[in-house]
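We call the chains A, B and C, going by the order they appear; numbering starts again at 1 in every chain.
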Amino acid sequence: MRRRFLVAAASAAGGGLMSFAAQADEASKKARVVVQVSEADPARWNLVLNNVRNLQEDLGAANVAIEVVAYGPGIGMLKLDAVTNSRVSEAIKAGVQVAACENTMRSQKLARSDMHPAVSYVPAGVVEIVKRQQEGWAYLRP
Amino acid sequence: MRRRFLVAAASAAGGGLMSFAAQADEASKKARVVVQVSEADPARWNLVLNNVRNLQEDLGAANVAIEVVAYGPGIGMLKLDAVTNSRVSEAIKAGVQVAACENTMRSQKLARSDMHPAVSYVPAGVVEIVKRQQEGWAYLRP
Amino acid sequence: MRRRFLVAAASAAGGGLMSFAAQADEASKKARVVVQVSEADPARWNLVLNNVRNLQEDLGAANVAIEVVAYGPGIGMLKLDAVTNSRVSEAIKAGVQVAACENTMRSQKLARSDMHPAVSYVPAGVVEIVKRQQEGWAYLRP
């Protein structure tokens, strides 16, 4: 939300219609989606990975930023021995950010060595999901 | 988001406070909700249909645009032989847009003749849900 | 959305960059989240309560407004005899608003005397969730 305000402020203060529209265009070009994984269900994990692939195929991978956040019972999707391991690798190679919740890892006594080696980490999955939405990202909970 | 920018740009460029407020009013009058169906569970389908009915009853059908999007395991809700068939008909008659995901139909080898005759179609349910949110629609995942 | 427009309008009409930025800052300081409970599953209720606690711990309770809305099969979380009763009390003491859907209560023949004594009430849970999002709140469906 802050960014939206600052862009508007810059325009109101000094910019003309053209520069404003240009900035608006720039900002609206790329879709942004945060995808939640909070269930311990491999069928749901595969649905998430299908959804991510469809978003990239239909919008074009360059036109959509996707962040998958696994937390709570969903953390299992990102463990080293998860059935979805190779599909998670593919998603990350395709430019999807895939993040594990460190709060959940602590409560489930999981170390980074227990996790898929290419995932990233966020201190709290639920905070990440809320922050992204407040920044204007769409939210998907498959 | 684009629309929000353009309305603001128009006002900053030439409009006065009055016309801006009028446009804001116009834009904020009608609630807009995209409702996701992604589970193969008839109890969940009925909850979706209850939610839709409650939104129309409480806000007034003229004051809320509702689009139900069924995809993945949720596509069953829109099949010709679904237990929810007559309730889906009622919702569509009441002005709700009900859309089936063509990606899902392809992967489940479903033809349009297998589906409820009054539904509409979207190329990818998940893209539709993301686009709607980026246009300012609320998201409901019952 | 209306509020966003009015802030922008006020700035475009008379305010300078400073006052606009100040208002933007004020508006963006506090995160706002509406959390949905729509399942009859005590494990999910505990996940919701964990999520709420994590949001308050990580952002600071003063920096995030949280409203939990229970409706449909989720209403059980707020009944007097729910297993989550004491955790609901703690959340409310910590400043979380916890609301029960009166539509659901009517259909399940629940009176206020059947409910946790500290909850608040909304006429329709689903309308509350949509309204909050249209006002700029993030949405969480654990």
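Assorted remarks:
In this text, contacts are C-beta pairs under 8 Å (C-beta built on N, C-alpha and C of every residue); 3 or more make two chains touch, one makes a residue touch a chain.
Quick caveat, the model's predicted, so the values are computed rather than measured.
Two copies of one chain, subunit A and subunit B, touch each other, and the residues they use overlap weakly: the shared fraction of interface numbers falls below half. Remark: rotation between subunit B and subunit C after Cα superposition is 120° (nearest 5).
The distance from the centre of subunit A to the centre of subunit B, with each centre set as the mean of the Cα atoms, comes to 23 Å.
Contact of a single residue of subunit A with at least two other chains is seen at positions 4, 8, 12, 139, 141. Touching subunit C in their complex are the following residues of subunit B: 4, 7-8, 11-12, 16-17, 20-21, 23-25, 27-28, 31-33, 43, 47, 50-51, 54-55, 57-59, 64, 136, 138-142.
Within the complex, the subunit C residues that touch subunit B are 1-2, 4-6, 8-10, 12-13, 36, 38, 72-73, 103, 123-124, 126-127, 129-131, 133-134, 139, 141.
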